[in-house]
């Protein structure tokens, strides 16, 4: 693919992103008709990792993290980097320095169909990462790739600005245009604990007026 | 296989089931001549998971958990669901709702050669699960299978009523008829810590009269 | 995903489909900027398998080939069935009976991110198949899925009507709208043998007037 | 497991073994209710390999082919060696010398959930083998195991004397007691080509009197 | 390989071994030009495992831990056992008894390209292990192998006496002769936190006089 | 590793290289004490591939074949390229153009722990290749690596100038200095067919005077 950097992308509203995160991966996946789930080899680096945000997509050459650096320029508060490579790789493309840089820009997490390193530091920072592998293998910065183009990450299509939800159950992708619709469709899937958490965390109680069936 | 549900199965005595659980997977596997061990891809969803119980076997179509629901009807207190599929699958066939239902019937754990989801909730409930994968992928309830027929789960043959022991070292299957013999054979394999734990937890001291050889 | 069958799809012209097939997977993949390639686990069932055609996409439940039967109704001469499942499976979803049915409608091949069976018969028929596995495991016909919706097959996004090219090097997907542009871009990648084959098989000689660089 | 060699086993009749082999793996698997199939990683070493016979089971220590030598003593004309190891292995436990020895006893094939070597010689001999791997890695002859005990091979339970059918579609196991019943159940699954082959090769025409439904 | 036990090996100095351990796997791997890293399937049995030491190499037959026992005789305080097998295996070759024995000799950890068991006990002992698998499958003690010969472990060449560094990011091997040079080369890779930890733990401040560039 | 190109390497004599090739992988592996074998995932691209030659080692960045081009400059008649990457990759780093170039320099084969493409052309050329994968995925030429440095390829250590033997059973590496000794040690392992082939192809009959013990 011709290397491309797309600078302006649309994102879903912060409210709906937060609501989807509160609901969790399994519920959101159900609510959108069981689509958008990444493969089960994508695991969090620590079991309490939990996040939602807007996708900044990054397409890299294997063993080369040049475009993660480039993507930092395009990231805004609330974004999640979604990194994939043009062919399969487990190299450790992201570590503590990039995490510090990401956090300073408000990036809230990383989903990478490749490897990650400095996991002790990332865990101490509570910077959530879902990856295919933990591997110290370093990378070069030689070969151009793309930022904010459509990608397939761990089997799921991701467009820039899509909502990403990650927790111990995995990672699910919600298309940006459908985010509000999916959040509403998810409400009936919440059990009592989920409803209380939703009300507490969003300050809204959609069950007050319109109690969902079952 | 012609779909079959077997309603009445024999189980081993609660005492011997408990004793085998106290001994742990590695000891029990040794004591029965190194047979009955499941493949190492079967991992607990949290590292302190530890259980023993009687197998209720469930043979499902991949991506279809109809028979787990059917198996609930056959389960009694102290049972462990042992779920396998007619071909390999990582779908999330079991989650928080089924765990609540299982617990209400006294089911003490799940061993599934497929996927599981709602892992944060299952962990909070301390409901122990050993699985091939953690995956949110939902399932349908369309295709009949069998309950309480002989199955092969993660490489190990399991008959209904066999004793299942699981801990951080994996899962081992003890044939029901051999449960007492294996428990006795395991005593000499216990080291001092194991003996003290065994005496404390079972209230019996088989070493008082008949000290086992090294 | 809500089960959906799309009945009318656009296809690329037969000439360009044939030209892309004559060029082969490696050349076409280069010509379109190294995109659209399926993962290397997709292998032909016999080494001389070689085909190009228009994608009729099929999204199935694992272990369930109901939608392959449904897709037959939508297939036309020159089509290739591109079958994937909502989660990973190696079940043998396609065999000799479906191959006979497919051939009778002019379907020229199968690309399936799952299993295939009756391989001796399919080879004798010279019906080309690329699959993840060869497996006799039979399937049911219970659970609805979709035909002619966008899918991800073996890591590559496929839209209905896209051009599929398969040979011993694997499978590549060319977006329908870009088919002509890619075929033209591929001409300079052909070596002398490739050019002679192209001229012989298409009856055209694009090098006569406009010799490509390098 | 306590090392055991069982010397006398029951076998199915030669006629029914031959009939099942003529029908092929996919048909036999269907006819017995889709049970008994080995995992798809079991592949023939050459694509025209095709066999049926009675199982002599061999349970080996990984990297140790002592019991294959021991099993030779128990094998008779028409037998197939079914070899598995107590834990996963890809070592080349069987090569040209053992194949010559096996053939001299009338052994008609090998099914091994491990590795095989001297594949060029075995192919030249037309000695059919299904294995998990081709690997030159040699083995020792140190550790006892068992012959003609129940085993699980590539996911399928095998008892000594069971009928094994192998072809390019994989390997299926038919329990000895059910062999005749399965062969009869398979007749309706044969298409016209299969019926003609069956009549030609068995000299019987079960369709003359009792034409099977579709 | 002809079974061989080498009794006297050279080791790096305790200071440099400690310094490399304080720096961690990712930093050391960078400092030695990105060589010596083991494959990412080598994972610690608990996330806080962290160690450095001198390699005592052990080459075993699969499923046979005879040479681990033999290696104990050769191990000294500060050593790490580096165990590999002549072909791939996941058997549980090491458990609580061997860990107690190892600790009594001052062995500080285990790196094993195979399986380990009694993980709860090893974790309670804080005995750090990196392995390919957790598996209860027991082993025999029949077949000779070698101690302190060059091996390849999880893709990395290891010579006896090489420095092994392990943490949550994996395992890296530093050739003994290069240990001091690598430790010095690693200093500039430390960030402020790493420098403070290095000064605190080694009592040395190499940045006082000779501040590293970049 | 600091990128390095070593220009002059020692090679074993042509006679011994040929003799080892005539003996085949399984015999040579036995003769040198069962060392030097590559992992079983290394498969020939066509079943009759058979070769022996001197290793020119190539260490590449994943997805980057720059150093294969560089290695061509160092290759001589009778050499085999042994290509590995600093981390795992299946990219198609070698195709028809490189094969033509290699053949023109007298290179007799390729062993690559990565992918290969244009397999139909390579097969038609009878250019033997052993690889981890067949994949069309193209590579870049950006990142320096090394030629003729020690590498680990598919689990086996390879030094430049070592003798490589490949056939349908896999690939084995014979250290250059031991080549003659291994060839002599292999003679007793040949059976009658192997001896006749050896005499016919080398014109020597070492069994005339000194008949080897079984």
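To keep things simple, chains are lettered A, B, C, D, E and F as they appear, and every chain counts its residues starting from 1.
Note that in this section contacts are C-beta pairs under 8 Å (C-beta built on N, C-alpha and C of every residue); 3 or more make two chains touch, one makes a residue touch a chain.
The shown structure was predicted, so the numbers you read here are calculated from the model rather than taken from an experiment.
Participant: Going by the touch criterion stated earlier, list every chain that contacts chain A and also contacts chain B.
Facilitator: Common contact partners of chain A and chain B, which must touch each of the two, are C, E.
Participant: Listed by label, which chains are in contact with chain C and with chain D?
Facilitator: B, F
Participant: Through what angle, to the nearest 5 degrees, does chain C rotate to match chain F on its C-alpha atoms?
Facilitator: Chain C sits rotated relative to chain F by 120 degrees.
Participant: Is the C-beta contact count larger for A-F or for E-F?
Facilitator: If we tally the C-beta pairs in contact for A-F and E-F, the bigger total goes to A-F.
Participant: Interface check for copies chain A and chain E. Shared numbers divided by all numbers used: above half gives same, below half gives different; which is it?
Facilitator: different
Participant: Counting in whole Å, what is the centre-to-centre distance of chain D and chain E, each centre being its mean C-alpha position?
Facilitator: 44
Participant: CA centre of chain A versus CA centre of chain C: separation in Å?
Facilitator: Here the centre of chain C sits 31 Å away from the centre of chain A.
Participant: Return the distance between the CA-based centres of chain B and chain E, expressed in whole Å.
Facilitator: 35
Participant: Please tell me the distance, in whole Å, between the geometric centres of chain A and chain D computed from their C-alpha atoms.
Facilitator: So the centre of chain A lies 48 Å away from the centre of chain D.
Participant: Give me the residue numbers in chain C that touch at least two other chains, ranges are fine.
Facilitator: Residues 34, 86, 88, 90, 135, 137 of chain C touch two or more partner chains.
Participant: What topology does the chain contact graph adopt: line, ring, star, complete, or other?
Facilitator: other
Participant: Which chains touch, pair by pair?
Facilitator: Listed by label, chains in contact pair as A-B, A-C, A-E, A-F, B-C, B-D, B-E, C-D, C-F, D-E, D-F, E-F.
Participant: Report the residues of chain C in contact with chain A in the complex, numbered from low to high.
Facilitator: By the definition above, chain C touches chain A via 1-2, 33-35, 39, 86, 88, 150, 152, 155-157.
Participant: Would you tell me which residues of chain D are touching chain C in their complex?
Facilitator: Checking each residue of chain D against chain C gives 24-26, 29-30, 34, 37, 40, 43, 47, 167-170, 172, 191, 193.
Participant: Can you list the chain E residues touching chain B in their complex?
Facilitator: Those residues of chain E that touch chain B are 46, 90, 92, 95-97, 115, 117-121, 123, 133-138.
Participant: What does chain B use to touch chain C in their complex?
Facilitator: Listed in rising order, the residues are 61-64, 86-91, 135, 137, 140, 142-143.
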